[in-house]
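Chains here go by letter, A, B, C, D and E, matching the order in which they are written, and residues are numbered from 1 within each.
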Amino acid sequence: MESVINCAAYCEGRKTGNVELDNISEVLKQSDRFVWIGLHAPEKEMLSKMQLEFGLHELAIEDALRAHQRPKLEAYGDTLFIVLRTAQLKGPRIDFGETHFFLGLNFIINVRHGSSIPYTDVRTRCESTPHLLKKGPGFALYAVMDAIVDQYFPVIDKLEEELGSLEEKIFHERFRRETTAKIYKLKRKLLEVKRAVSPLIDICNRLMRFDLKLIDEETRPYFRDVYDHAIRINEMVDNSRELLSTALEANLSMASISQSEVAKRFAGWAALIGVPTMIAGIYGMNFNVMPELQWRWGYPVVLTVTAVLCAVLYFRFKKSGWL
Amino acid sequence: MESVINCAAYCEGRKTGNVELDNISEVLKQSDRFVWIGLHAPEKEMLSKMQLEFGLHELAIEDALRAHQRPKLEAYGDTLFIVLRTAQLKGPRIDFGETHFFLGLNFIINVRHGSSIPYTDVRTRCESTPHLLKKGPGFALYAVMDAIVDQYFPVIDKLEEELGSLEEKIFHERFRRETTAKIYKLKRKLLEVKRAVSPLIDICNRLMRFDLKLIDEETRPYFRDVYDHAIRINEMVDNSRELLSTALEANLSMASISQSEVAKRFAGWAALIGVPTMIAGIYGMNFNVMPELQWRWGYPVVLTVTAVLCAVLYFRFKKSGWL
Amino acid sequence: MESVINCAAYCEGRKTGNVELDNISEVLKQSDRFVWIGLHAPEKEMLSKMQLEFGLHELAIEDALRAHQRPKLEAYGDTLFIVLRTAQLKGPRIDFGETHFFLGLNFIINVRHGSSIPYTDVRTRCESTPHLLKKGPGFALYAVMDAIVDQYFPVIDKLEEELGSLEEKIFHERFRRETTAKIYKLKRKLLEVKRAVSPLIDICNRLMRFDLKLIDEETRPYFRDVYDHAIRINEMVDNSRELLSTALEANLSMASISQSEVAKRFAGWAALIGVPTMIAGIYGMNFNVMPELQWRWGYPVVLTVTAVLCAVLYFRFKKSGWL
Amino acid sequence: MESVINCAAYCEGRKTGNVELDNISEVLKQSDRFVWIGLHAPEKEMLSKMQLEFGLHELAIEDALRAHQRPKLEAYGDTLFIVLRTAQLKGPRIDFGETHFFLGLNFIINVRHGSSIPYTDVRTRCESTPHLLKKGPGFALYAVMDAIVDQYFPVIDKLEEELGSLEEKIFHERFRRETTAKIYKLKRKLLEVKRAVSPLIDICNRLMRFDLKLIDEETRPYFRDVYDHAIRINEMVDNSRELLSTALEANLSMASISQSEVAKRFAGWAALIGVPTMIAGIYGMNFNVMPELQWRWGYPVVLTVTAVLCAVLYFRFKKSGWL
Amino acid sequence: MESVINCAAYCEGRKTGNVELDNISEVLKQSDRFVWIGLHAPEKEMLSKMQLEFGLHELAIEDALRAHQRPKLEAYGDTLFIVLRTAQLKGPRIDFGETHFFLGLNFIINVRHGSSIPYTDVRTRCESTPHLLKKGPGFALYAVMDAIVDQYFPVIDKLEEELGSLEEKIFHERFRRETTAKIYKLKRKLLEVKRAVSPLIDICNRLMRFDLKLIDEETRPYFRDVYDHAIRINEMVDNSRELLSTALEANLSMASISQSEVAKRFAGWAALIGVPTMIAGIYGMNFNVMPELQWRWGYPVVLTVTAVLCAVLYFRFKKSGWL
């Protein structure tokens, strides 16, 4: 059974040793112990075993099996079932995964699906602060949640950076077609992160206030810390979304302005070509009596006059921004 | 009376047999029984019979007859009246229907109107899990609601797919006229689905919290499951709506940008045609004294100069994106 | 006193006869009676009489006199003062009116202002169901409110139809100037209906929950029915508003796209005219030595070449959508 | 001390006479009296005197001195401090001012700053209805608030009128530059009025529900009346704002459409000039062998053909809206 | 240890003298004393010392060390941890900083990070009003918060001024490219200020209502004052944001309108050049029989006719706004 990453018992915040799945009930008979089990993409049989062992609710088991849930917290009698979405940068892409938790009085099970950091580091860090871990499985829950939420900060930083480079493009470059597509794609990503993060606020809020004995009084401020981070990520996403909307509108403005500039420059040059053409046309007429044509200096004079006219136009256009 | 699809009594979650409509009161004298009746587009007489049999409220009966209600939950004394909208994909179209429920302590009646899957499968599935169905008519309600809500997932998937193909069109193709119309139509569909689904959240919420004995304590987590699905569908719709708004704006941006590009290319080619025309015009003038005209190589020189000029312009325009 | 349309006493839901205004106090001494008075645009004296007779509050009387109120429900001691806005289609126009109610334990007064259906039909319908009307003046209030709210459905249908024909215009026709103006006007109408209907939701809500004895327990579900209709109308208006916003944006997109198409076609035709002009210009030059001019077939060859060139351009433009 | 506009004592709703500031404490010893003081832009000393006399809170005094507050209601122990913004039309401008109130059990002080109507009329009107004024200083507060709120109706009417004339301009005139600027300015004004009025709703709401003895039970319906007006003004402003947003978008649409029309007309005329120029160019070529040139009727035939061509083009363009 | 700016004990609102960090516990044994410590960017050791001395919570200490928090108020048992963001104008830039507070029954610690005014002036002002400062450390908290919030007013004034100058640019100038970029940047700044200020409202609200003995009953109105300022700043920011959105749209409208004007002027001048060119072209044709060419006054007549035609066009264009 490879899906079991880790299964250990803790007493007074100290690891008492790894536990075989089949010995769990034995271990839990001691009232001061709790078990922390880490699963990764478990199969149906494994989850059924857990269900039997800890009396988990059928609906929660189904959700844990299927994954693709939205973040949520559900209380089933004495146990909590929590779903969180995890995010990780994989080059330019954001990979989303899911982690589920079953939390009881003397056990915590975390179930990883898809892309996410492994939680062995988190566990090690917890084990190094037994005075905190002894607060029970609620603290283990906090530790993993904290690690999950902290993974969002680099994601947001990346998205804010993308927004920054889009701003650069909108206001200083000219390939607007790709810029528009990029704005749209960034919007898509922001919405996805938003959907993953915003339910967290409510989840933490409920963990902070939970009137069950599952979350120790002293552990609650820690969930407030996660709550605080979730709110900050949420705010950053909202901020970026609002800026992005403005950027999209600004992009349209810029397109419209640059269109106007094209029209102006075109008009200017059209005049500079049209005027000599017109003058040349006039002296191309075949009237028998056109005195200018007989003049000795007619040709150079007309050429000069035309050139001067064009120069005057050129400078006036230049000055008024039409060229 | 064809509108009766099914009418059976259940005891301890097991079907005790089909019941004649006229025997219902007889059956319900046994306190551990409940009846589950399935109707399809019933006529007035049939509903009046039900009203008499189960003491349903006149206003609920009227609603059940007329259909075209919005999803809602109404308590009339000891019975609940629930209206849900059903949706089904019929090729490119979404067909909406309605299902109404009357729920009492020992009966449940579901009334189908318009397009929807039949609920015989649901019933069969329920009958195969008597340990759940014995929770009473509330569980039967859950089973049908769950089936209805699950029908929305393929609908949403279809709409998200349509959005995806619209994105493709906006950013990579050029027939914008139809694209705009399609964006608008997709918006219309999304709003329709939204109106059908969003009241579900409130309905499930009330079923989860209902302080009546109608919904068994143990059945409530099941409604939370439906609630969770309703929220997910709702979120997907909202997400698509927000993306669609952005897509509409992006479409406008693209139209504006492509207009700008048209203007640029036109300006470029106009210059490439205008310059030779101007030069030709000059040498078409009829001045007596125009030395160039007498030169042996005048014509080829002017042609060459013009060609070179045009080539220079061509490459400069090409480089700066005006062609 | 023409403003009194109707004034009758009811006992056990049955009309006991019309009552003279001056005999009202006499009639109301019998505890099982209530009076239902219908007024139309009453003058100050009439309202003062009512005020005296039923102990109505000065501020309510002022409002009832002035009209042009927003829909509201106000409790003054033991009496309720309710203001509703009525709407009626008059050809292409929506005519708004107002109906006010004074509701006490044993009386109901409805005061019509401006355009609205008369309520004699409603009264007749009530009198034909004495088992309902015996629930007291609260039921009479319901009956009139229901009639008022039902008047909004044809109005909304009309507005939705207008939206439909606007969509047709936006996506298939070309006189955009009028379309824009019509979109704006439809928005105006929708906002007006919204303002008339949306306070109704709150009013019905309060009537459903009212902890006074004015509204009988059994009458409350009827107000829930009105509430349901008000919500439906409201939703339809909101839906249309959101679609209208999208339609306005789509209209802008279409204008921008059609502008782009104009520019393309213009550019195409300009090239088709510009190229022959340029070639003709070249052979219009007066160089002494231009061998082509002396050729026997120079003229037809140049004409043919030009024609072929234009044909090639024409087909390329046609293919790439520039013509 | 010119800042004292008025200072009178009232008993049973009747004015017992003007009071010297220094005699106030004497007067207030009689429990059935209250004092109503009207100040205008008072100096620090005057307010300090009031503070001492009535035990007002230092922070309220500071606010009353500085003005430029937002509308608010603050309870300091037994006294209320209320700030309202007043508005007045001064030709095309809206002049804003402020009025502050200190309300105690047996006193009311109103402090005017900036532009506002004087409240002597209000006071006279109150004195003419002693049966109402005897309800205490709360009624005096109502009377002044009512006068202040009523001043907003002409302001709103003016703004709605401006909106109407903007609509006219958008859909029927062509100087769009000024129209856009005017739309923006109207938005500015609407926001300013909104900021002045919207806190009023909350203030009235609190006065209606205040569980202190300051506001007499019987006076509360009067504050509901002010509340109702505030809501109406607020709704009118919101309505105008939403219409204005739509108007701004419609204006953009119109600009885009008129641009499209300019382009079409230009294209049409360019063709009408370009075609003869092209034909003339062809017959201006200098080929030796161009049979048409020798024909007797060559010139008129070509002229006629050209004219007919132009006429055909003209009518086709006219029909298809390009001219 | 340079990070300690100030550390003094107060008794009855009067400073009893500066205190060495190590003597604090000694001083606090006297129940009527409180200590006010001012830190600036303290190091870990210093904060650990504080934690030990006052029993602060580990999580709060971590936050105080790291800075870059969002404004918040957190209660840890008997102490409050408050984070505020400070803002200062540095030329055209807004510099943000942070100030954290630890508030206990007999101590207050303020920790400054980044740009902010020093709080020595605030302290001096407090010491000059012992009757207020004797209300305890809660009053000291108010004094510093008030100073922080007041720093936002010049910031907002600056932003409103920038908005004003943008309006000027949008409606009266023509360099739209920079204007668009500036609108975007102003939006960015407004969002940043908004994020710094809006949580303040909730924080003050909680301080006003706090049911702990930390905030003295008499100090609460002072927090209401801060609350009021926070709301005002918030309103000003929201106002500017809404105006800015409108300004961005207006800017787009103006760009579109000016594009339309460019097109019109171009069309006008193109006609004025095209018409003479066409006429000249016609008389440049080489037909043998073109009677006009032989006429004595042919040339001047054609020139004059052309000039008159152009003049007529010029004035018609001028009148109809095409030039």
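Operating definition for what follows: a residue touches a chain if its C-beta (ideal position, glycine included) is under 8 Å from a C-beta of that chain, and two chains touch if they have at least 3 such contacts.
Remember, it's a predicted structure, so these values are computed and weren't measured experimentally.
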item: Chain-contact steps, minimal, separating subunit E from subunit C; value: 2
item: Superposition rotation for subunit A onto subunit D, Cα-based, multiple of 5°; value: 145
item: Subunit A-subunit C separation of Cα centroids, rounded to whole Å; value: 41
item: Length of the line joining the C-alpha centres of subunit D and subunit E, rounded to whole Å; value: 25
item: Two or more partner chains touched - positions in subunit E; value: 249, 252, 256, 259, 263, 266, 270, 274, 277, 281, 284-286, 290
item: Chain contact graph, described as a line, ring, star, complete graph or other shape; value: ring
item: Chain order, ring traversed from subunit D with subunit E following; value: D, E, A, B, C
item: Interface residues, subunit A side, partner subunit E - complex; value: 167, 170-171, 221-222, 224-225, 228, 231-232, 235, 239, 242-243, 246-247, 249-250, 252-254, 256-257, 259-260, 263-264, 266-267, 270-271, 274-275, 277-278, 281-282, 284-290, 321
item: Interface residues, subunit B side, partner subunit C - complex; value: 57, 59, 69-70, 72, 74, 76, 174, 176-177, 180-181, 183-184, 187-188, 191, 195, 245, 248-249, 251-252, 255-256, 258-259, 262-263, 265-266, 269-270, 273-274, 276-277, 280-281, 283-286, 290, 292-299, 302-303
